[in-house]
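These are the structures, in structure tokens.
Here come two complexes built around subunit A, the first alongside subunit B, the second alongside subunit C.
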Partner chain A sequence: MAESLIAEFGDDAALARAIDRVRELGVRELDAHTPYSTELVRDALGAPPSRLSTAVLVGGALGAAAAYGLEWYLVAHLYPLNVGGRPPHFPLGFVPIAFEMGVLFASGTAFVGALFLGRLVRLWAPVFEVPGFEHASRDTFWLTLKLEPGSANAGSVERVSAELAALGALSVRELPGGTA
Partner chain B sequence: MTQSAREADSALTDQLVRTVWSGSVYFRIAFAVLGLGSAGFAALMLYTFQRGIGLWGNNIPVAWAFAIVNFVFWIGIGHAGTFISAILYLLEQRWRAAVNRFSEAMTLFAVAQALLFPVLHLGRPWFAYWLIPYPDRMQVWPQVKSPLPWDFAAVFTYGTVSLLFFYLGLLPDLASTRDSAPERWRRRIYGVFALGWRGSEDAWRHYRMAYLLLAGLATPLVLSVHSIVSSDFAVGLTPGWHSTIFPPFFVAGAIFSGFAMVLSLIIPARKAFHLENVITARHVDNCAKLLLVTGLCLEYGYAVEMFVAWYSGDEFELWQFFVTRPTGPNCWAFYVMMFANVLLPQLLWSRRLRTNLKLLWVISLVVNLGMWCERFVIIVMGLEREYLRADEAAFNPTWVDWGLLAGSVCFFLFLFLGFLRWLPVVALSEVKEGRRERERTLAQAEGARG
Partner chain C sequence: MATAKKDPKKSPTGTKTGTSAAKAEGAAKKTSEPDDAAARVAVEGFADSIRLGTESSAMFAKAGGLAVVCLAVSAALGASEGDGFKRWSYGYIAAFGVALAITAGSLFWVCLQHLVNAKWSVVVRRIGELFAANMPLLAILALPVVVPVVLGNGVVYEWADKTKVASEEILKHKSGYLNPGFFLVRMLFYFGFWSILARYYLNSSRRQDETGGSEIAPTMTRVSGPAMIAFGLTITFCSIDLFMAVEPRWFSTMFGVYFFASCVLGVHVTLILTLMWLQRRGRLATTITTEHYHDLGKMLFAFVIFWAYIGFSQFMLIWYANLPEETAWFKQRFFGGWGAVSWTLVFGHFVIPFFGLLSRHIKRSKALLAFWCFWMLAMIYIDMYWLVLPAINVEPDVRAMDLLALLGLLSALVAGAAREAGKKNLIPTKDPRLEQSLAFENI
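And then the complex of A and B:
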């Protein structure tokens, strides 16, 4: 069975060094828990940029198109009414609502997407059981990693723990429920 | 170095979250007073529902009066919140982190007030859902070629997006609050609202992208909302309304009034919570400078409006701008507006006056009043004198009108007080991040020198 470790660091630079080191040891599954997002940790983890922007573009475009379609369906198709001589299908007049609905749907997609991709709205996670983890939203930086048995250079739990301690970890523990 | 940075982070968290755990007797008094005012607001709304809007001073031709003045006033106040949180974020103005939470909360509560007034003004508010294109077997649909449904779409979107933006920004700080809760039940409540935020880098990655995208989306939104609100007027033929300057003129006025409200709220809150180390004199000074700048945009709008009225040679426009406004019924509002929005902000050119917080607070309050008067001048005075002498009328507000206005101010402050009491009032994670980056830049500069 894969074993997971969690280590606490006093600042982001120490965490970034630890990430580099355990990568050298061949550990692939890593995540950090930090009180604020910092460039050092981001660069060390090297995760690709979020794909959220594509989803937001699609959400916004669909929202705007649906709103425009509904406007056309209601006042140009179902119930055309001559007000002030404007034609039944009046693109200029349909734009404001289509724009607003585009923004609304794009924003909704961004919000829901961030929660979904960031695996939030889970009120409990194994890391919450770790003593002292309440500092992760406050002043300390945490590293979680999973050691796959039989993978190339991962070595033993003891070896990685010793490395982390040597790199200045304030504490190193096994994480029973796995990472995430 | 590490130890001191960590201690500083910890101390800052304690300072900014402490207010959530320790109420004081002043809070209770303030809640009681504002709660009473809000109850009065609710009572007046019920009275209006029951008896109809004949209780108000509205008449024909002045069919739009306090309700729409209050609506435009509150929506306008909301604009500085989004301006600070979205536009300044995109422009990488780091100082916004100290004040953005305040102004986003202000936006939400102001939009909530704004939404109440058009519904009250419907007369039969139980039909408010007619604004939504619901499947109607009578086939009576909203007329989407008119600015009023645009307005509904814009304000609804604005309220929703502001809420999402506010809540998303709040998530990491709700987690900090959860983690420093003294009792289990409070930890649970904040835990539910923090949605299980655990600061995972994977979550931060998507969070940052979502925040950036929301800022990018809110920026055209903030400009569109008051432009659309101004179309309610500009599309009409009433003298003083029918003008292409209206969209930018309204947006400038909205941001101006919003900054005034930000200052009105921040100066006392900063003092009451001893936030001088987070909201520094520089932050307040920057808000004051923006108040001056947006004020100048607004004054340019006044000048252009008057110039166009004169240059058009249209007798009704001339009558509206040069006779009705300075000498007609309710002309006091015109003079208050000119004093508060044109003359008074000029004091802000002086750094000495700008950094005098008491004076700045008084200026911001008077500017709020002046901006309310501006909407009164545009809406009521436009309608008092249109085209026919026989149609001329004066508008006299009733006690119900004044009561609803005062009630909405109480309700706004009541909601804001709730925010001050139960949520972290400064964007904690952003302030810590900003400080860390500054430290690193300084260290690098020193390294380069050494």
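And then the complex of A and C:
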């Protein structure tokens, strides 16, 4: 069974160094919990570009297309009226509503997407059981990692724990519930 | 060469070549080792080529020659139409719009950098000052537009023709503003004011290069406030007088801002392409970095959107109000023969470059940014063509003389800027913000 560890650090630089070190040891699954967004930790974790921007683009495009379609269906298809000699279907005349709906759907996608990707709807996670973890939203920096039993480099739990302590971890604990 | 120097009275031709060669030698020495006070850069460890040197006169000769040939051939083609330069004038006015956009845009841009005390743009500013200083040249190039009006010739501007004005109520009503005498006064005021302002910025900036006086930068900032207000008013009225007045029965209160969007696009395109040319010639090679291109690209991107916003606002108000005297203008452009050009503008001037310039990666790649600059330059011209030419052509009808006029005018601007650059600095060497500009990075 995979074993998980959680370590607490006093500042972001120490956490970033620890991330680099356990990477070298071959640990693949890592995550960090910090009181604020820090560039050091973000760079060390090397997270892939967020999928949120793509989702927002798709959401916005769908919203705009749906609004344009609705306008066309009502104004040009179902009830084509002659208003001052203007053609019932003229694309530029449909722009404001399509644009507004595009913006609405894009921001809606951004809001829901951020909640979803941030897993914010869940009320409980195993790390909440770690004593002192509430400091992650105040003044300390936390690292969670999972040691795959098969990976040759990772070494034992004791080895990684010792490394983390040497790198300035304030505390290192096993995480019974896993990192998820 | 050496013999001519030793024996200057050998022959008249020998003397002549001898002196010019000696002059060129002296000039080359001066540029390779700038030892005058103006060339000393007030930043520790600065090492870069900041002067065009002899290449300035070579560029002036090349671009100036091209300008003269293009404009002459264009005018000859115009004369061969046998319509009293009527068709030619429309094409020339459209091309002149692009030249004015670039030059007035440069003046605006320089003024803006001083107004907001911008730090990132200091290394680029001299290039803007040089292009803004083309204003007197542009005033001369405006003569083919202004002179016929003053002479009462109504081939382009119907309101210049007394008999036409007398026969039409609308023109008669507008003749208090649209009349040849007042038109001339306004043109003299616009180009006079712009020329003085552009010269003021270039001369002050160069005086700073020489003396390093700490009072010069704050003074330029103080001037730029009132200057910016005056610029906003003059560019609005000038664009109305030159381009909207081609169709005197139509009016739009957004026209000035619409043209202003082209001005800002024009200056950024010009700055980016000029810097790339200079860097290929080994000038400012380390001074201008990807960060400066990135910022110029951002402004280009922003004003692609600004153009669409203004253009659409102008359209939407007219579409919604649906007043015949206003809609006729758009009817011809969207439902007449010009529909394809209008849609080319919607997509080519906004939708495609919007996505094209959106990515950070593109704005930081020289080749891609250069591509979009050329693209936008073409679009600025198509936009001007679309504004002016439907007044005479029911359907788009591009002639060689139109494109030659454009090439001639743009070459004239390049020649003017190259001549003005001369052997002087390409960056303001003693600007107090220069060090910050050199070290500038996007976050």
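Everything below uses one rule, namely that the second predicted complex is superposed on the first by the 180 of 180 C-alpha atoms of A that agree within 3 Å, B and C clash if a C-alpha of one lies under 4 Å from a C-alpha of the other, contacts with A are read in each partner's own complex, and residues count from 1 in each chain.
Keep in mind that, in the parts below, a contact is a pair of C-beta atoms (placed from the backbone, for glycine too) under 8 Å apart; a residue touches a chain by one contact, two chains touch by 3 or more.
Everything numeric in this text was worked out from a predicted model, so none of it was measured.
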item	value
Subunit A as common anchor, with subunit B and subunit C clashing or fitting	fit
Touching partner for A:L117 - first (subunit B), second (subunit C), both, neither	first
Touched partner set for A:H33, first subunit B, second subunit C, both or neither	first
Residue contacts with subunit A in the superposition, subunit B compared against subunit C	B
Contacts of A:P96 with subunit B and subunit C, given as first, second, both or neither	both
Partner chain(s) touched by A:R86 [first = subunit B, second = subunit C, both, neither]	both
Superposed model, angle subtended at subunit A by subunit C and subunit B (C-alpha, nearest 10 degrees)	60
Distance in angstrom between the closest Cα atoms of subunit C and subunit B, superposition on A	5
Contact residues of subunit A, present in both the subunit B and the subunit C interface	83, 86, 90, 93, 96
Interfacial residue positions of subunit A with respect to subunit B in the complex	10-14, 31-39, 41-42, 45, 47, 49-50, 52-53, 56, 60, 67, 70-71, 74-75, 78-79, 81, 83, 86, 90, 93-94, 96-97, 99-101, 103-104, 106-108, 110-111, 113-115, 117-125, 127-128, 133-140, 142, 180
Subunit A - residues contacting subunit C, complex	83-87, 90, 92-93, 95-96
Subunit C - residues contacting subunit A, complex	312, 315-316, 319, 322, 334-335, 346
Contact footprint of subunit A on subunit B as seen in their complex	2-3, 5-7, 9-10, 13, 133, 139-147, 149-150, 153-154, 156-157, 160-161, 164-165, 167-168, 171-172, 175-176, 178-180, 191-192, 195-211, 213-214, 217-218, 220-221, 224, 228, 231, 429-430, 432-433, 436-437
